[in-house]
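Two complexes follow with subunit A in common, the first pairing it with subunit B and the second with subunit C.
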Partner chain A sequence: MQGLKLAANYLRIGILNEFQYRANLYIQILQTFIALGTGLIGLNLVFNQVTELGGWTKPELLAVMGVFTITGGFIRSAIQPNMERLMEEIREGTLDYALTKPADAQLLVSVREFRLWQLVDVITGLVVLAVALTQLNWLVSIWSVLGYLSALVMGAIMVYSFWLIITSTAFWFVRVNEIANLFEGLYAAGRWPVDIYPNWLRYGLTFLVPVAFAVTIPASALTGRLSLQTWLGALALTLVLFTIARMIWLTGVKNYSGASA
Partner chain B sequence: MSSVISISKLAKHYQVPEREAGLIAAAKGLFKRTYKTVKAVDGISFNIQPGEVVGFLGPNGAGKTTTLKMLSGLLHPTSGELSVLGYEPAKRDHDYLRQITLVMGNRNQLSWDLPALDSFDLQRAIYSIPLDEFKHTRDEFIALLDLKDLVQKPVRNLSLGERMKMEIVGALLHKPKILFLDEPTLGLDVTMQKRIRSFVAEYNKRYGATVLLTSHYMADVEALCKRVIVIHHGRLLFDGDLSALVEKFSAFKTVGFTIDTPASDLSQYGDVVSVDGSRVTMRVPKEKTSAVTSRLLNELSVVDLTVESAPIEEVIESVFSVKRETLE
Partner chain C sequence: MKRYFDYYISMMRVSVMEQWQYPVANYFYMIGMLAEPVIYMVVWSAVANQEGGSVGGYTPGSLAAYYIVWTLVRQMNIAFTPYGWEWRIRQGRLSTSLLRPMHPLHEDVAFFAGWKVVMIILWIPLAILLSLIFKPDLHPTLLEGAVFFIAIWMAYLIRTITLSLLGMVTFWTTRVSALFELYFAAELILSGRLVPLSLMPEAVQTAAWFFPFRWAFGYPIEVLVGSMSVSDLLLGLGMQFAWVFFGSVIVSQIWKIAIGRFSAVGG
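And then the complex of A and B:
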């Protein structure tokens, strides 16, 4: 598998690169704790008033927050930096080097960057999740765990596909940074399970930005709420989104002509 | 021998949005855009044989980079035929891409914050180069370019010239058969230009690679390329030996001579460029050179006489000043 080898090599380079910027680690730790702190305060404020929210108990919501933090960390460490670099290269016409390499260009542009320190979020998220599961007395079946892990992977693929679609529009619109900022705003809504939002917003979040699939569904799996039907739906959507992303990317590359040409 | 690169009636036209300057024009552009067709490359044909080093010349905007981009598969031609090593570049077949390289003097591909060695490893992964072969090639290039002490330094700490050397090493690690070099010596000092030049020459010699090179420095072209292809306004202007180019496009020759006794009126022979003591330099129209020199020898007491072609820069300058209309 040349693809895996390539990804591993870029991962190595990315990690080497990050070690040059130690200060980023400390800043990241600070950011993570501020985000976690405000999240926990919010959660407590809500549960001072009510005992459950949209059918979710406090430890269950804590689990959602854990997944939210894990997925967010992964997106910011592996997906977002690549897409931002791609956007910049499309705008400046420097994508040429990636396109003249004997490797799948989509793969290449998707694995070039890696922000190691963002993984602080992943670790923190895992701790939060562990705390939540302890409060739930670890009542999780093997099916829940499998459902959870598969939902995480599907969520990651969906978020990646979504980002790639948005980024590929840069082939036509050149400047799309603002659209990318939009993602972050919408993703923040994933802090809460999407079921608590009104229907229109819920479907919007699910289909426009696969937040539900990235956060709510994995958390649902762990808390025993995930039905096979939903899981299959997620699988289908993952495949569809990935295919669409691939098609848009290929069309975009065809359309690409280099800024200085 | 069959050609490695063959181009026939190749054209690339762009549609570019066009508008006048100013706010109102910009606002109009939101609703209705007018497009203008730019003929970046407009029907050029040439063939290149294996192992040739060809200088690809033309002023800015002549269509050199566009042609190189079509050759390396980045751009689809609007029309015409293009075949390199038997491949159609625009298909970007991996087997094709493995055999070529593209170096652009104004863009870098090495990781800015890491030593070049790390970036080289990445190239190895991208091109799936066997480890032994990779190490051998890498060390060979490092020695050739004298980079031993620099490969461990982060690229950002290198000088422009050192960085360019690293770029070239990185771009050649997979030992491509065809090199597309777009201004590889851009902005470098003379010594550095020479190093890069001799490296390219050495690579060409060792591996029999074919090189298509664009450069604004005529010294690069003179040192490396026997053959030059000149394009201008997207059209082919000249294809042949560098010496023939000079012959064809230099309208003047420089005649220099030393005279014993000062002559009264030298301007009757030609355009006097300088008089330095008894040494005179003048420009003479090419077709009149022999007539003028024999007159000089007969009518003046000339001690020695030299006839030189105009410097290559001057020739190129006169080629580049050709108007578009005269090419149509």
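And then the complex of A and C:
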């Protein structure tokens, strides 16, 4: 309860901070539209040649792109800024300030930053998703909506755990800045459903970098391809990944010695 | 002339030594970069397979060749970014470079050229790995190899010129990220980075002729992967030389005007 209140307060401060820089909103809108535009061009180029790709039709792939944009926006607004700040603080030794506070340190380092304007991506993604579902005549049941929402939440937790694990390696390796680059590159694979990739890549995008869970599985739920087994598997993996992240974080903190603060 | 040559050699050497210290960081950077062409390759191979083996003249084998050569050309394309220019101008970093007797642009060109030596060495194992996985269909002739070698360095110069021009806009205004984004989007579409240009609609292919993007990216790849006639090969090199020549003239003219406006904020 205390934790939720803390998170809500940080969120409020983050939003107030962002309101100081309103011009950034317009730049964000432009960036979102450019990203969406190039994505749509890619999609159209493919569907100029074929009518379906790996069993997915064009509106279904549009739905995948919608989910990709929504999740990407969430990652860049709430997960990535926190983890980048954490990375910086581990390297510079200023993490002391977070560790000496009475609240749970993992919670604290995970909620301190929030980029409001990135939510433009989330809104745009929702619009794209709505357009896709309209093209599919809204053939969605209550179960597929529930499956979609729960898959989205699980995907977000998995991506968060993945980021925390990778960021925690900074406790040992110190300089890991390039990881943001690495993640962005790999996350871009989520623009297409993971089923079209060769096996080794599909497993990598499912279990090493949870792109499949963050994008493909929520989109599968909406297009009626999600089985109960997959859903349960996702649930189990979410719990496992979150526990591993927690353990690595705790070991890392023990290993941390503030250089100077 | 000898002065320039010596400067380039020592600057490149410094850059090689500097970058060689961070092989892991450089590898992370490259793997993040590799994801992009691998995605395109897989998607288009799937399309080609569904179309009965080829799309726009590309088979999965030649698509693999295209995107593996793509990774090398992409490395060659790395130059000082316009964001770097913005930082350099806003922070007044340019002051130090201006005090030196040589044009500051030479420093950029030499430094990134040296970095490329490291990148190419690190790239070789990745290229072998990609080739083992995706089995590219690549049979360059000796002439194509030679033209390719010249073309990738010309491509590097063209991109350095266009990015510097873009970066120099920050002499006039520092709110430029929107402009940069538009530039990179146009580049993605018109260069052959997203897909080989022959898969693009006719109008885009024609438009690509008149922009520098294609000559800095798609053309070198097509030299090695496609089967161009000798006259097409030479025509491409001619276009590259023209862009480098006229580009340098424009850069130096704009530089002269811009530098008059520069007032260092610090440094």
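As a convention for this text, the second predicted complex is superposed on the first by the 260 of 261 C-alpha atoms of A that agree within 3 Å, B and C clash if a C-alpha of one lies under 4 Å from a C-alpha of the other, contacts with A are read in each partner's own complex, and residues count from 1 in each chain.
Basically, a residue touches a chain if its C-beta (ideal position, glycine included) is under 8 Å from a C-beta of that chain, and two chains touch if they have at least 3 such contacts.
In this text, all values refer to a predicted model and were calculated from it rather than measured experimentally.
Student: State whether subunit B or subunit C is in contact with more residues of subunit A in the superposed arrangement.
Tutor: Result: the larger residue contact count on subunit A belongs to C.
Student: Taking the superposition on A as described, I'd like to know which of subunit B and subunit C A:Leu186 touches: first, second, both or neither.
Tutor: The answer is second: A:Leu186 touches subunit C but not subunit B.
Student: Considering only the touch criterion stated at the top, classify A:Gln20 as touching first (subunit B), second (subunit C), both, or neither.
Tutor: It touches subunit B, and subunit C stays clear.
Student: Touch check for A:Leu201: first (subunit B), second (subunit C), both, or neither?
Tutor: Second partner only.
Student: Once the structures are superposed on A, label A:Gly37 by its partner contacts, choosing first (subunit B), second (subunit C), both or neither.
Tutor: In the superposition, A:Gly37 contacts subunit C only.
Student: Which partner chains sit in contact with A:Glu88 here, subunit B, subunit C, both or neither? Use first/second/both/neither.
Tutor: A:Glu88 contacts neither subunit B nor subunit C.
Student: Does the superposition put A:Leu45 against subunit B (first), subunit C (second), both, or neither?
Tutor: second
Student: Please identify the positions on subunit A that touch both subunit B and subunit C, taking each partner from its own complex.
Tutor: Subunit A residues touching both partners: none found.
Student: Within the complex, which stretch of subunit C touches subunit A?
Tutor: Against subunit A, subunit C makes touches at 25, 28-29, 31-36, 38-39, 42-44, 46-47, 50-51, 55-56, 133, 175, 177-178, 181-182, 185, 188-189, 194-195, 199-200.
Student: Applying the document's contact rule, which stretches of subunit A touch subunit C when the two form their complex?
Tutor: Where subunit A meets subunit C, its residues are 23, 26-27, 30-31, 34, 37-38, 41-42, 45-46, 49-50, 53-54, 175-179, 181-186, 188-189, 191-192, 196-198, 200-201.
Student: Any idea which subunit B residues touch subunit A in the complex?
Tutor: Within the complex, subunit B contacts subunit A at residues 14, 40, 65-66, 69, 72-76, 92, 94-98, 100-102, 104, 107, 109, 111, 113-114, 118-119, 121-122, 125-128, 154.
Student: Looking at the complex, which residues from subunit A come into contact with subunit B?
Tutor: By the definition above, subunit A touches subunit B via 2, 5-6, 8-10, 12-13, 16-17, 20, 94, 96-97, 99-103, 108, 254, 256-258, 260-261.
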